[in-house]
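What follows is a set of notes on a single structure, which appears directly below.
Going in written order, the chains are labelled A, B, C and D, and every chain counts its residues from 1.
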Amino acid sequence: MLKAGVIGTGMIGQDHIRRMTTVLAGVTVTAVTDVDLEVAKRVAGGLPGTVVHGSGEDLIADPAVDAVVVCSWGPTHERYVLAAIAAGKQVFCEKPLATTERACRRIVEAESAAGRRLVQVGYMRRYDGAYRALKAVVDSGAIGTPLMMHCAHRNAGVPAFYEKESAITDTAVHEIDMVRWMFGEEITAARVLVPRRNRNGGGLQDPLFLILELTGGAIVDVEISVNIRYGYDIRGEVIGEDGTAALGDLTPVTVRTARHLTAPIPSDWRERFASAYDVELQEWIDSLAGGGTPAGPSAWDGYAAAVVSDASVAALRTGSRVEVTLMPRPALYDPA
Amino acid sequence: MLKAGVIGTGMIGQDHIRRMTTVLAGVTVTAVTDVDLEVAKRVAGGLPGTVVHGSGEDLIADPAVDAVVVCSWGPTHERYVLAAIAAGKQVFCEKPLATTERACRRIVEAESAAGRRLVQVGYMRRYDGAYRALKAVVDSGAIGTPLMMHCAHRNAGVPAFYEKESAITDTAVHEIDMVRWMFGEEITAARVLVPRRNRNGGGLQDPLFLILELTGGAIVDVEISVNIRYGYDIRGEVIGEDGTAALGDLTPVTVRTARHLTAPIPSDWRERFASAYDVELQEWIDSLAGGGTPAGPSAWDGYAAAVVSDASVAALRTGSRVEVTLMPRPALYDPA
Amino acid sequence: MLKAGVIGTGMIGQDHIRRMTTVLAGVTVTAVTDVDLEVAKRVAGGLPGTVVHGSGEDLIADPAVDAVVVCSWGPTHERYVLAAIAAGKQVFCEKPLATTERACRRIVEAESAAGRRLVQVGYMRRYDGAYRALKAVVDSGAIGTPLMMHCAHRNAGVPAFYEKESAITDTAVHEIDMVRWMFGEEITAARVLVPRRNRNGGGLQDPLFLILELTGGAIVDVEISVNIRYGYDIRGEVIGEDGTAALGDLTPVTVRTARHLTAPIPSDWRERFASAYDVELQEWIDSLAGGGTPAGPSAWDGYAAAVVSDASVAALRTGSRVEVTLMPRPALYDPA
Amino acid sequence: MLKAGVIGTGMIGQDHIRRMTTVLAGVTVTAVTDVDLEVAKRVAGGLPGTVVHGSGEDLIADPAVDAVVVCSWGPTHERYVLAAIAAGKQVFCEKPLATTERACRRIVEAESAAGRRLVQVGYMRRYDGAYRALKAVVDSGAIGTPLMMHCAHRNAGVPAFYEKESAITDTAVHEIDMVRWMFGEEITAARVLVPRRNRNGGGLQDPLFLILELTGGAIVDVEISVNIRYGYDIRGEVIGEDGTAALGDLTPVTVRTARHLTAPIPSDWRERFASAYDVELQEWIDSLAGGGTPAGPSAWDGYAAAVVSDASVAALRTGSRVEVTLMPRPALYDPA
């Protein structure tokens, strides 16, 4: 039974705690903390045997904590991940790994110095059944070498604090990680085109059209529409030399009424990716049994996503193509 | 943490133990037994703190067992379910509830006498996301009163011990339970038509065409094809006054190669219904927390399925329409 | 250029005249007649060089008429078809070939006596692209020997004069012909089941569930729903030994709005089968060039449909299975 | 009956002659000519009453020709179209209208000077049922103002003479015209990105990714893959403020065999757009009855497509964004 300590008991922290206590097997939440200790206490109140620590550092030091789950505010991620590495404890860090390229690099260097994989980053697309089926087709060679990928990331709406660059840093960052994983290559350049503005978005620049280039020459485009009213919709089609493979519609039910065939579309990411979050954490828990190594997105993946995200934001600001330059990849992150 | 004892450690018993120990939350397997004690010991060997009992009765009597999961051979179900009722313990019984109408009736009477719901039967279709979405549409009134339902239950192949009547008792019995739940009505009569025989089935009479009548006059047809090679496929469309609602294709990925658009079809029920089994047991576990009542298929549902299944077998044997006659339903099973 | 004479200038006659004058190639309408001569004159008024005859017999006798198109009231079909056979002229007869089995038999006997194919009956499903694609798959052997077929024939609504038996004689008769063509076999028995009644149908018995048996043992079921509001929908799936083949959705456009993916459904048969009518007549015209033989549904097909339709009506009236008995098939109708 | 003269009896000319003589109504082919008179004579040999002229100019001057169909080699289009305008005869010109912007402009000016619409250009996408359904949804406002459109134009393979720029001038030019029609706006700039090269294309640069900007700010992207083996596939999805609308799959039949649901994909454009060509010419023929005006793509459309095509080729050569500059639109081409 893995003993997990959770740093940050806000919305996503509470959701992971719910998941670990009422959905997943092989894990128990032994400790929590939060910048607002009252919230941490209230959350712990519903969990028998869960202690509240005064700080993330105290929680990491607790011998009753085997593994740390970081769900705190982004700018604090670096501190807690580095502390966990220093303590030799496994750490699952919600995205982003850290809020600056430099901070991500420090984590990569610390983990490399430690000499073993201790960090997993919360890019959960890789755990979605449809994306996995898509990758299996691509990897099988059935469509030949992949040359392009068309993606769309659509939200019915976004909260008031969502800003122009959030479309890259909060939204398309999922595609940025997914594309690196799908192709098994790095992203080398980014462009952002700006179509006619959607009236639903108030003053927001929406949609955006992100275009990424990959090491092997493939081109990936991502339509980012975050006020498209009709629902939450994640699309992806890989174009190969001999054919294409696309995410399916996952339709649970089709209804024929009023001159139309209809199928439901999810309202938001919770509905679409609920089980991906479950699988993500369960596989992390399972991979750690008996001192194992986490198989999911690494600190390197978190670092690379940050660099590409920065380049994309620069591309949005300047209107130009921006090249992506990564540090040399430490051997720890060599593909198996 | 629910303490579960498992009677029967064959294929399905082992699968439920795996589920309870490595997938689901809130449950621990404290005891097991099997007609072959060596198998039970081998299974328990991998589980820290799980004891092996010499008999199902001993397991049921164990104070370290809160709830019993019956996965033994069908003819023994009645004995263990009655013992659990007598002990006042919750019992999850794999289908069938019992192998004769009379045995099912004794269980219904014992639970009624006990005065509270203690029995849940393992009809897992009710926990499948697509069937639930279908039922939600029907219940919403969007298609008007349901008048018909077309079903197909297709297997790529069946094992050697599968006999003529297995198409009813092992296969269509899932539709028999599903239809009662979908319509919220009882089945009143059955017919079985016998089409041209599939060469893939050896001497087996395959396919069959089962036609059921419901209390309110609706008619349900079920194509049962158990050697159809192409895969495992479960279809269902409810025909209402104003429209229809059908199970969707659940396609995770579509591939375009070699002049065709293709989408994968599951090989077997494990692939199609994997998560339904998880949801079924997790909801049972959750419903029992704090002395709660199981919300799933009841002993009455197990009894009714047995009676309809018997009538369908008689219809197959005689070639005639056979009426279904149920005992009066005890008040314990009144819909909420 | 085929010179066609049209008997009956009501709705369907006018539609065929429009088709032959403004859509199809290789045909000109040289003569028309109608029981209401004023209507015939009005229709001919828009067509340069088209004469109006006082009777169908006069039209058939006109040397400027190569081929006759019978669109008059059903009970008059026999008379005009027999007259065309007697005149040695090709005749395209809208369904039904004749309104009684006895009348159909007389046509079959007359054409057999004439010793060559002169009659084609207007069963246009055989000319629909989707049905042809379905038959091509079945004939290819890709799904093995066909064992069953599930059909649905759904109308949004029906006119006031539509009666209980119209569901067989006007509606399901299309499936009766299609099934004979799809399987290349005769129908040997019919049953009709009566589900719960649709409130949209007034007092009408709707839906019906027609079950047909074929020479080779295959079973075909047809849901007939004629007040199902949501639109006109024709479904068909053939169940083979190794797989199934089904009519596709023919979706021209899919729309994502308001939490739903939607695709349009036709309002009525005109929309769904418009091009099938065009293809039907064009192929008939083309087949007659240079004294050729019509390749479409024959008088035998019209006769067989009538016999099966009568048996189905008897099955609806009696609630029993009714056997179909056909006269011996004259050699003229042997498959090529 | 429209009397058509066909200039150019190569592959497409012969196909239009076949269409006008064996498929469409209201037209007769009275004259033909070709640069190779032997071919013209052979083609005319199968057509009773069709004369062969020694030159396009002679054909245009023939009083037995009401309307001219230009199917000759591209560089000769200008000459014949101008001659037809000079003769005051209607002319249907296969794409391209002419092979240079300057030549297109001369046609526009000549037709403007003539003061009435005499020219229609053969962009047949506008006559495809699926594109028309898509445009109807966009025009209905159901998805809000359109902001983007994603297109793909895929060929299984291309002939040996296909060159790098053919992907723009022969292939994407269909999307260039379609987009102007779909949005009712002009294209203002073009970019072409060059993904990893498909090994199936020999040395050809394939695929290409064309990005177009429209007057109102919308952005359209077109994947052009001309060696993608799997078949001919034309995709399009319009992204609006409130939803999206996409071309449907038009699936005539779905087959379930060997663990997969499959649907056929056309081999080439003939299969996909066969009826669009029929509708295109039939509507042109119908529109000319009684001295009417052609409603289809105008000389202005042909001119604009040429300018955008040139800009796209320049974008491909330079790797830069290239602006599109059109001459002022003559009043003759004002939208109705």
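FYI, a contact is a pair of C-beta atoms (placed from the backbone, for glycine too) under 8 Å apart; a residue touches a chain by one contact, two chains touch by 3 or more.
Here the structure is a predicted model, which means the values were calculated and not measured.
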#### Entry: Separation of subunit C from subunit A in steps, with touching chains one step apart
1
### Query
So, what's the distance in Å between the C-alpha centres of subunit D and subunit C?
37
#### Entry: Centre-of-Cα separation between subunit D and subunit B, whole angstrom
58
### Message
Quick check: how many Å separate the C-alpha centres of subunit B and subunit C?
### Response
45
### Task
Find every residue in subunit A that makes contact with two or more other chains and list them.
229-230, 242-244, 249, 251, 256-258, 263-264
### Query
Mapping chain-to-chain touches, which pattern fits: line, ring, star, complete or other?
complete
### Message
Applying the document's contact rule, which stretches of subunit B touch subunit D when the two form their complex?
### Response
229-231, 233, 249, 251, 256-265, 267
### Message
Please output the residues of subunit B touching subunit C within their complex, sorted ascending.
### Response
144-145, 147-148, 150, 152, 193, 195-200, 207, 209, 211, 216-219, 221, 223, 225, 227-230, 239-244
#### Entry: Of subunit B, residues touching subunit A in the complex
20-26, 129-130, 133-134, 136-137, 142-143, 242-258, 263-264, 275, 282, 286
